[in-house]
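Before I ask anything, here is the structure I am working with.
The first chain written gets the first letter, and so on, giving A, B, C and D; residue counts start at 1 in each chain.
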Amino acid sequence: MSKVIEEIHAAARQLLEDGKVDVVIGFEKGTLPLKATPCFIRSPQEVEKLIWDETCDNNLANYVRQIKGKKAIVAKGCDTRALVVLMQENQVAREDLYILGVSCNGVINRKKIEAETGEILSAELAEGKISVQGMNGSKEFAFADVKDDTCQSCRYPNPVLEDAHFGDKVETGNQEVPFADVVAMEEKSLLERRAYFQEEMAKCIRCYACRNACPMCYCNECFVDCNSPKWLTGGVDPAENMMFQVGRSLHLAGRCVDCGACVRACPQGVDIRALSRKVTKDCLTMYRHEAGVTLEDPPALNQFSTEDPQGFLVKE
Amino acid sequence: MKISKDKWGQVFDALASDYQMLAPKEDKGEVNFKRVNCFSEVKQGYLNTKLPAKALFFPQHETLFTYQKEGQGITVKNALKVEKTIAFGVRPCDARAFLLLDKVFNNDQYRDPYYCDRRDTTLVIGLACSQVAPTCFCSQMGLSPVSTAGTDLLFIDLGEAYAVEAVTEKGKEFVAKLQGLEELNAEDQVKLETLKNLQTSSSVDISALTEKLDSMFDHPYWDSLHEKCLGCNACTFSCPTCHCFDITEEFRKTEGNRVRSWDSCMAPLFTKHGSGHNPREDKKARWRQRMMHKFNYFVHNNGDIACVGCGRCLKACPVNMDLRQVIDAVNKAELVVK
Amino acid sequence: MVMGEIQESVNLPENQEFQPKIVAFLCNWCSYAGADLAGVSRIQYPATIRTIRIPCSGRINPLYILKAMANGADGVLVSGCHPGDCHYISGNFVARRKFALIKSLLTHVGLEEDRVNFSWVSAAEGGRFAEVVKGVTDRVSALGPNNGVFKVAERRGTDE
Amino acid sequence: MGQNPYLPITMKVVKNQIETEDRNIKTLVLEFLNKQDEENFKYMPGQFAEISAFGHGEAPFGIATSPTEPGILKFSIAKVGCVSKALHLIEEGATVGVRGPMGNYYPIEQFKGKNVVIIGGGFAFTTLRSLATYMLDEKHRGDYGDITVIYGARNPGLLLYKEELAEWEKNPNINLVTTIDKPVDGWNGRVGFVPAVTEEVVKTSVDTYAVVCGPPAMIKFTLPVLEKLNFPPERIITSLEMRMKCGLGICGRCNIGPKYVCKDGPVFSMAELKELPPEY
């Protein structure tokens, strides 16, 4: 993977020296093992800090709105899909962006590792194998087992939109049943599903890391902070947590690119994607639409057709 | 003195009949303080609880008082309910944080009864750490994995038994009434020594931090520090010394509650005036406020740094903003001579 | 449209059988007029709905439905013009996609199917409106009071 | 404050009348329900209280009455958000909650034997009214030199406490100067912005304190005028507004540097403010 990093360094240095961009948004090594951290490179000398590997698990498209001017961004598949939706919603101009596309074969979910080894002391990453020394003992993991669930079912590992590409493309494994996890949940009984979601939502402490990590959540005043009408109080009543999470998922209907940044940001490990993937699956099955795949296809709820299905109508 | 684990288990179960026993318990993969009825429910061998022990006295969401509207009149009823409690398994960092919070909730003019009544009726039994994580830096914050500050009595895990150290009057009384205590044998002494000089290894240096911050309000370092921060509440909600809260109203038809819930200085609405003016408009001002409050303002007001080095904030941060890095950067920043 | 209005519901006579509280968001041009027609032509239907007039079914924000359930509504009925009759041409087309996703997600998280209902009722279908309300009332009564997924605990939440 | 500083006392709304022409500000007159509450509510001019509009929330308001007016409390409330809107709609006879008195107050002791210039702008005249009324009271008037009040607003309709102002016009013990920003027919008083009027009216800063409250723009232009008259920062007093919730210095939101505006303020001298970071 280091060849890719050198290419990214060279490209970034070139962009900064030519003044084509003011800042390069990328990842640098974090202070915790197996954790990268976003960084903003503004001078060619700092370019060496940039890294790219399986520990880069944030969605950098989230920063594109807050940074003005011309910017380059190291973007994997789901990041570029997020950029496409942001462009469709006039949040960022295409000419302000220089997309350094990188193919991604999945990011690590640290919670899966820490569930077994306790807090990670140190870890080495070598072709498909991760050997981890943790507080409760050390273990060797196959990368596929600790890959984030999002990436297990990822359909767009290669950038959908880019100005330059680094490293070779990743062929998309053809999953037998798309959205298998959602189908499994659908087959459960109503009470089982209710119990599962109520238990998950009881864990939420309303720190809004999921909302703030999501590139699609950029309202000036989120309905959670609005006090007239006061949709939610400041409490952590499970029903109000459910209203927050369901409300947010519905506001992402047809816009969520399923990058998993929300689940990885959540300190409480709430299974937020169980909600958003159901909405994403519905958009695919009902309207044959996937968010952010092509610039031409506007988000699902920005368009309609006279033959849209009406299964939701009341039985008469 | 020491007490064997199973003897302590029996004492614990006996106490559970007339005390509210709060201890770390694993639930859905997370270890947090919960009400337990017997010692077997208490989690063994954990680094620290996910949410800080401040939740014992300053819960995330609590009703201050309820009121009832009858015609034009209103009756107000205090909603504070306090129970005799024993909190077992409080790590030294969380216990030290209690002493810092005491200064906030019981300041020179006002006493917050919700925090203070619970604090007064609770016996805090600390549990020293037997292992430290690379993210812990309590030794650099003036305490240690085995310090007793903030606890009434401290247990140190010797494997088969707990060494018992009474700290406060309340603790001494409790130990005096405790049966099943034995003397420490030689082997225990050795184990105790090794545990006692357990230290965290981190380069954090706070000796000159407060003075440095005195003249750093307009320093350019703040311009770049905040850039990758998402502005969520994850760090402040997991911090044992964060005490900011919001007071809101819950009201249905004729009955209502005045409620208090955790709030965060990192949230944009924290200081937004009714007129729309916001003294801390952007993340830069909010991150500066977080650092200045914990490492400068709190020291000027209360004489202590409001951080116990538990490391929860850097583990909870979705973008890995590391407080130790920020402290080092502040220490190294050259002052712009005005 | 102050949410608080839902609370000032008509105090129904206390007979033993459960009377559900159903919030009905009726589109001003069709369903509201349909309900009006049902009243004018003296067609009886259960007085369990609390009507909130909305300019178009496209105006429905999913939070209205969630907030109604949170504040104690046992059922929700959203009714608008038939696709193609919309006074604003595409209001109900846009709403149709939203409703499909809302209904699917709410059922997914464990809310009973019959709690949240959507229908197209034109201004001329007074009788059919009464049928729809009867049907919804019967099904919600069968389900019993809503203390399910979205119901905020007693005395909690706010209707400000 | 009783032992639970979060529990409000209940007071009865006696009057809720419109104060300004644009109906944006109403004055709420509250009456203590029993002697004991009034005893516990010892306050001084400059302090504020948290008013609870039950069902909507709580918000801080400066106390407009002076301690020399027993039995009632007066608050002038601008309609800005949920609580203030609810307080605007509240009818006479209803009940509100009051927590306080909170914060510090104008340095009345230091004013003794000195002249006092009170400069107010717009609707920031509540605690200044309290201060002026307190000093004008015959029990206290002798303690102070001459008192000048300069009070400006955009137009005559926006001046608060019009009856008091009329009385003060006739009162020899106080030199009242009211001004409006632009000429309006039917107004024969002074016209001009407060900073300019201050420059005209205030001659010397010898043995004089200046108390300044108003919108940020007014303060920004009035301070240089006072500095030109070489008022030292310790003798320029102002009262600040901040977002507040507990009013007890605990909930952590109203700080400027290490100082909490609700507990260590809201009244600060310019000398104190100069030491604090410019974050207000």
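As a working rule, a contact is a pair of C-beta atoms (placed from the backbone, for glycine too) under 8 Å apart; a residue touches a chain by one contact, two chains touch by 3 or more.
Just so you know, these numbers come straight off a predicted model, no measurement behind them.
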| item | value |
| --- | --- |
| Chain pair with more C-beta contacts, A-D versus A-C | A-C |
| CA centroid of chain A to CA centroid of chain C, Å | 35 |
| Euclidean distance of C-alpha centroids - chain A vs chain D, Å | 51 |
| Whole-Å gap between the CA centroids of chain A and chain B | 32 |
| Averaged-CA centre spacing for the pair chain D and chain B, given as whole angstrom | 39 |
| Multi-chain contact sites of chain B, meaning residues that touch two or more partners | 246, 248-251, 263 |
| Interface hub residues of chain C, defined as touching at least two other chains | 156-158, 160 |
| Residues of chain D whose C-beta touches two or more other chains | 55-56, 81-82 |
| Graph class of chain-chain contacts, one of line, ring, star, complete, other | complete |
| Interfacial residue positions of chain B with respect to chain D in the complex | 64-65, 67, 69, 72-74, 76, 78, 80, 104-105, 107, 109-114, 217, 243-249, 251, 256, 258, 260, 263, 265, 270-275, 279-280, 285, 289, 292-293, 296-297, 300-301 |
| Touching residues (chain side chain D, partner chain A) in the complex | 81-82 |
| Residue ranges of chain C touching chain B (in the complex, touch as defined) | 7, 71, 155-160 |
| Partner chain C, residues of chain B touching it in the complex | 66, 249-253, 255, 257 |
| For the chain D and chain B complex, residues of the former touching the latter | 1, 3-8, 10, 52, 54-59, 80-81, 84, 93-95, 97, 241-243, 245-246, 248-258, 263, 277, 279-280 |
